[in-house]
Amino acid sequence: MSTETLEQPVVKAPSESIFSKRRRRFVMDPLDDDNPVTIQVLGICSALAVTVKMEPTLIMSIAVVFVIVFANLIISLIRNLVPGRIRIIVQLGVIATLVTVVSEVLKAYNYPMFKVLGAFVGLIITNCIVMGRLEAFAMGNKAWDSILDGMGSGFGYAWVILAVAFFRELFGSGTVFDFPVFEAIGLPNFPMNGLMVDSIGAFMILGIIIWVQRARNGYVEN
Amino acid sequence: MPKTVKLRKGFDINLAGKAEKKISDSLHSRTYAVKPADFIGMQRPKALVSVGDSVKAGTPVLADKKNETVNYVSPVSGEVIDIKRGEKRKLLEIVIQADKEISYESFKNYSTSDLVKVSKDELKEQMLKAGVWPNILTRPFGVVANSNDTPKSIFISAFDSSPLAPDYNISFKGDDKAFQAGVSVLKKFTDGYIHINVNSADEVNPMFLNADGVQINKFTGKHPAGNVGVQIHHVDPIAKGDIVWTVSPFGVVQIGKLFLEGKFDASKIIALTGSEVSNPQYYKTFAGANVKTFTDGNLKNDHVRYVSGNILTGENVGEDGHLGFYANQFTVLPEGDHFQFMGWILPTINKLSFHRAFGLLSFLNGSKKEYVLDTNTQGEPRAFVQTGAFEKVVPMDILPTHLLKAILAEDFDEMEELGLYEVIEEDFALCEFIDVSKHDVQSILREGLDLLQYS
Amino acid sequence: MELFNLGIRSIFIDNMVFAYFLGMCSFLAVSKKVTTAIGLGAAVVFVLGITVPANWLVQEYILREGALAWIGPQFAEMNLEFLQFIMFIAIIAAMVQLVEMVIEKFSPALYGSLGIFLPLIAVNCAILGGSLFMVQRDYSLAEASVYGISSGIGWMLAIVALAAVREKLKYSNVPDGLKGLGITMIITGLMGIAFKSFIGIAI
Amino acid sequence: MKFLRNIVEKAKVPFEKGGKLAKYHHLFETIDTLLFVPNDTAKLKGVQVRDAVDLKRFMMTVIISLLPALLFGMYNVGYQYYQAVGLEPTSAWDLWWVGIQRVVPVIIITYVFGLFITEFAFSVIRKHPINEGFLVSGILIPMVMPPTIPLWQVACASIFAVVIAKEAFGGTGMNVLNVALVARAFLYFAYPSDISGDQVWVYLGEQVAVDGFSGATPLALAASTLESGQNVVQTFAASTTDFSFANLFYGFVPGSIGETSVLMILIGAAILVFTGVGSWKVMISVFGGAYLMALLLSVAGANEYMLMPAHYHLVIGGLAFGAVFMATDPVTATQTETGKWIYGAMIGILTVIIRVLNPAYPEGIMLAILFMNVFAPLVDYYVVAANKKRRLKRATV
Amino acid sequence: MQRSNTYVLVFTAIMTVVIGGILSFTSQVLAPAQKKSVELDTKQSILGAVMTLEKGDDALAIYSTRIKSMVVDIDGNLIDKNRKGNPIVAEEVNILKNYKMDAGKREYPVYQYMNENDPTQIEAYILPLYGAGLWNAIYGYVALEKDLNTIKGVSFGHVQETPGLGARIDSKEIQVRYQGKTIFDESGNLVSVVMLKGEKKNPSLFGTHEVDGMSGSTLTAKGLNAMVKDYLTCYESFIKKNQHQ
């Protein structure tokens, strides 16, 4: 898998800038060539269920970015203390704690979204991207690198599900962030596509996004 | 236990140009050829002679560098006049100009009673040396047998069901004694049975029925009932690790003659068939004869295809080509390199079809009608579309489409499990004939066999 | 009858995959061969069947508001729901471990076929999802048990069917960019359409 | 013909390898091979003569078997139109004309968007020849649409079906789900109000239906008994449309364009079975499965719909059409002969179950076939596994 | 990193304490805000049945001035103690829990919407509803005018896991269709209000007990109809009692 380049322990020059080229790649690669969703096939579960509309998707993205960045940071800080035998359960513990915090905050300050996202906030725990980054990166890298890596994967995940949500909301409900687009451009009777509201639409849209993206950057799965 | 098998699946292609049941006396060809390509599984052919050498019938001219114990010998005596090579110096043909009188290499000869006592090794040595060994093919893969194997049984198909096939009553007139001798020899190579499979719906050459020490199974049905692979499948099927040998009746006779007469006798009776032949009939000649011998002044039309063998598995050898080693039939067909306006939709009763798709009315003719078919592919290659028709022409418990797909996907386990060991090209030839997508089914099958055999 | 209805619903209608997108990672990754799909599917049925009722007990007697009243009236006001996620995931991880050990001890044959899949399962969203939905829908213990097993069966059905389709696709000429994940997404979507036939069936 | 051939040969040059339009080679090839069967001859080795069948003729056979139902469908569109608006047609031709005006544009749109745009684009990009598969899909798609279907929806559905259900899988012969049914399912879930309900089955043009004309399909009526508790056959008899068993069989009832006439479909079935192009095993088992399931339900008899005589299930809705033309699609059906029995029977059974037990969908055949399309590879998998097992077992004896 | 068992145990213990601490801390800190959110949400949806809340409206304030709540039983009698004998608060009655019980044993909250100027005058009655939609539960409130026959407004919602086409029930566009419809026929029988199949768009076509349907979501409509009818039936005694006052 193409993530291997990231996984190698890198010997660093002492005075590396905090946005060195190498570090920028931590953020940039997952956005396109090494996207966690479209290339690495991770984190699909929660990616799709909440993408009927843009708003919950955005909240979900923020939640995932938050969890992944902080989980990466925490694990990276304690990586030398964690006993190897129980590292998975420690990782799960950290993730579950962060997710609980997110969920509690959401419940306190954005209750409608909390209701909309329902069980899917909790399911961030089993989002393979988070686990994957902890295991593959944070366990072997320093804090700042881990934060950047977490941001890269988080944003890589975010743009894909936001793109899915964009098409689903636009064609399924005729709106973007609840703003009635078709009405605004003078097409009040633009027919809504029921498939887009349905889970099926999410699979189709994601399939096509993957198709387009892979065709563009030439990635072929064998 | 002798078996009686009735096959329901299959299809007879009834072509015009059946050989008349008479044998013309020795038509002597000027040139003969030995072609490495006839021997499937020969990996690195090497010519043992060079241009200008003179040879006798039975002189080794060709060997496989991978397996030098088997001699491939000249069918006639004469002078090597040409060694044809193709791309990358690939050996194509060793052409021999024949003497008027054939002289033979001499080998040890035995009386019928002696044969029973001789050891297997002694027999084997002479067979390898004298050039009759390539008559023994092995399943799986249908290649020349490895002389160190012990097959679990040996199969001889006593009839040919392919289109315009020769009648074995004529092809093997008077070979009874040699046949019996051949059977006795082969008997030494297996602990199991020698199976002779006859067509119970037709008159059977007594040579087969009277053979001693064999099991006779009866088959009825359309082509490919006469294919030895189909017969093995129903009598003593092959599993992974099994080895079965198959020998054509001609091969048995040739082996018999070697031991009775002490010479490599390549003479055989060839059925000259096909709609474009003026006088389709049987001719006595030697293996590897030049096709001009038969076609000169004997064709209705000159835009034709010269097929060594039958029209399902044969090979186009061209007007100056030579018959193949195993061929006992030669077919001349009209070429089909013409465009047919709206040919894909116009109704016709003159084109044969297994199907009855729109406008294909050949079924109205009944099974007696003899067709004149040309070599046009009747359509262009298309993606594989499963129509369920393949299953109707393979009379075995094998799923042809799945097997072919497994080959295309190069899935070894799947090929093995789906029974690739049980079939060779000829068994799937009808699939190739009826395929609506016009794929080269037989070469796909051979690719699969090669994959399994060499990797 | 109610339970039977719930079972049918969970298998076909509220299918974990097609309705809720759960367990997609392993669904996509382990669906190349029918035999492995069956193994993983069976493991999921097994683990869901155990963890959903187990988590029900945890929820009912530990986490729920007032759940601790059985210890003493002074605990009646306690609400430990904030520990829900961490408890559930811990129970799941522990159960998977336990199941693995039990199977290994008593049925090496079963372990041979299921064993390799069990570690994968702790992070399968379908498992955690099963427990979270169970809470959200306020099932009884019996309902939770039926729900656990039948939603597992629904997941297994989906992955086995998908694996068979993908085995068939080996022979297809899928465009490069769609190979693997892409075409699997599209098949999943099309399968979702087919599964819609059951929406609304009431028995 | 020589003359025409020469023109084609001349036109061919730029499309040859290295020519200016080489990219569009397969487009030209499509037209060329429609005019002339090419002069390809058998290869040197192997089969020297070929069967006269090719994919074009094969697909043509399916199209011809569809024609009776299609022509009748056009007639019926007109017939229903005149019934609904209460006008008297002056001749049978009037009925036809209404139908032709409505149906032919649908067919044209399907071909233009499905074949000429989408499929040609893929053939250029992916450099594969254009298969004849869409010739059939292009007729099937209009036939499973209600006569009032908006043309833009037909276009969307055709594109969706070709891209997602077919080209994504690699083109004709590779698809997993029936292309025409995917088109229909797409519309069914994307724009349900235009393809379901009581208002879409009769084409009214600009006219308004006369009072009392309901336009409900027999399926919808049968399903309505679930609520009304009336006997189904009596409900049929009470309707303004003639829903006698005989008429349901002849097909002068509202419904999708091609699905109403069981008689015409059976003529098509006869063509398919006689030519061997369609599998009689699938047809028989679909009808058989549906009939037996209906019988079983009528024994259970929990409601009036279940009590409907089982043979009515065979003539209402799209069961016959689906059984004969959709389920038999050789690409998406099971590929083993044994599998076909299971596949067909399951379609029949599911169809009746969905009809009777699932109030969400009055018609079950579409989803039943799609569902079994999905499961066909699994059925095959087990049939093939049995074959492998047999081989192993037999050979070790 | 092979560590001693003691290390692992100590590490685990510390982890547990830290995580437990963080979580209880968060939960403690956020509890009041959460409580307020839940309360706000409930009250907003109750109010939603009678009025359209604008952004910036203080729902809690409006609620406290305009709504008087009580709980009745199936016979329409006021109850003030729950099963455990504690004082009952209408807003805290768990509708889902009650839904799972026998209709006879349920607690039925009633929210009275009082006149803006005269807080003793009842302007409308708001009744909670609960039922099964296509995928999941649907719920809502129906507000009846003083006559306890005409519908003043409704608000519906659904548990949102996978919304289908029926998800539209939470939109105003659907909910306004109920306004002005009546639930009793001339002879005073409860007939409820029925959402029809299919979407016809012309409002004049519908009877006084009928509203236009939603295309493509017959089943949700069915669930909706059943829910409205069921709960109105449960409240029928209460309604009958208060109609004649």
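By written order: A, B, C, D and E. Residues from 1 in each chain.
Quick note on the criterion: a residue touches a chain if its C-beta (ideal position, glycine included) is under 8 Å from a C-beta of that chain, and two chains touch if they have at least 3 such contacts.
Keep in mind it's a predicted model, so treat the numbers as computed, not measured.
A.B. asks: Can you name the chains that touch subunit A as well as subunit C?
C.D. replies: Where subunit A and subunit C share a partner, that partner set is D, E.
A.B. asks: Supply the minimal count of touching-chain steps required to go from subunit B to subunit D.
C.D. replies: 1
A.B. asks: From the C-alpha centres, identify the chain that is farthest from subunit C.
C.D. replies: It is B.
A.B. asks: What is the chain whose Cα centroid lies farthest from the Cα centroid of subunit E?
C.D. replies: Using the mean of the C-alpha atoms as each chain's centre, the farthest one from subunit E is B.
A.B. asks: Please identify the chain lying most centrally, where each chain is represented by the average of its Cα atoms.
C.D. replies: D
A.B. asks: Of the chain pairs B-C and A-E, which one is connected by the greater count of C-beta contacts?
C.D. replies: A-E is joined by more C-beta pairs in contact.
A.B. asks: How far is the middle of subunit A from the middle of subunit D, if each middle is the mean of its Cα atoms, in Å?
C.D. replies: 42
A.B. asks: Provide the C-alpha centroid distance between subunit C and subunit E, rounded to the nearest whole angstrom.
C.D. replies: The answer is 31 Å.
A.B. asks: Which integer distance in Å separates the CA centroid of subunit B from that of subunit E?
C.D. replies: 84
A.B. asks: So how far apart, in whole Å, are subunit D and subunit E when each is placed at the average of its C-alpha atoms?
C.D. replies: Averaging C-alpha atoms per chain gives centres 46 Å apart.
A.B. asks: Among all residues of subunit C, which ones touch two or more of the remaining chains?
C.D. replies: 19-20, 82-83, 86, 133, 136, 171, 173, 175, 178, 182-183, 186, 189-190, 193, 196, 199-200
A.B. asks: I need the residues of subunit B touching at least two other chains; which ones are they?
C.D. replies: Within subunit B, residues 383-384 contact more than one other chain.
A.B. asks: If I count partner chains per residue in subunit A, which residues reach a count of at least 2?
C.D. replies: 49, 93, 97, 100, 104, 118-119, 194, 198-200, 204, 207, 211, in rising order.
A.B. asks: Going by the touch definition at the top, which pairs of chains touch each other?
C.D. replies: Pairs of chains that touch one another: A-C, A-D, A-E, B-C, B-D, C-D, C-E, D-E.
A.B. asks: Provide the residue numbers of subunit C that touch subunit A in the complex, in ascending order.
C.D. replies: Interface residues on subunit C, with respect to subunit A: 18-25, 28-29, 82-86, 88-90, 93, 122-125, 127-129, 132-133, 136, 175-183, 185-186, 188-190, 192-193, 196.
A.B. asks: Can you name the residues of subunit D that touch subunit C in the complex?
C.D. replies: 126, 128, 164-165, 167-171, 174, 176-177, 182, 185, 189, 350, 353-354, 357-361, 364, 367-368, 370-371, 373-375, 377-378, 380-381
A.B. asks: Residues of subunit B touching subunit D in their complex?
C.D. replies: Residue positions touching the partner: 13, 15, 237-240, 242, 305, 307, 311-316, 331, 333, 335-345, 348, 351-360, 362, 373-389, 391, 397-399, 401-402, 417-419, 425, 429, 432-438, 440, 442-443.
A.B. asks: Tell me, which parts of subunit E touch subunit C in their complex?
C.D. replies: 19-20, 23-24, 26-27, 96-97, 100, 134-137, 159, 161-162, 219
A.B. asks: Spell out the part of subunit E that touches subunit D in their complex, as residue ranges.
C.D. replies: The contact residues of subunit E facing subunit D are 134, 165, 197-199, 215-216, 218-219, 222.
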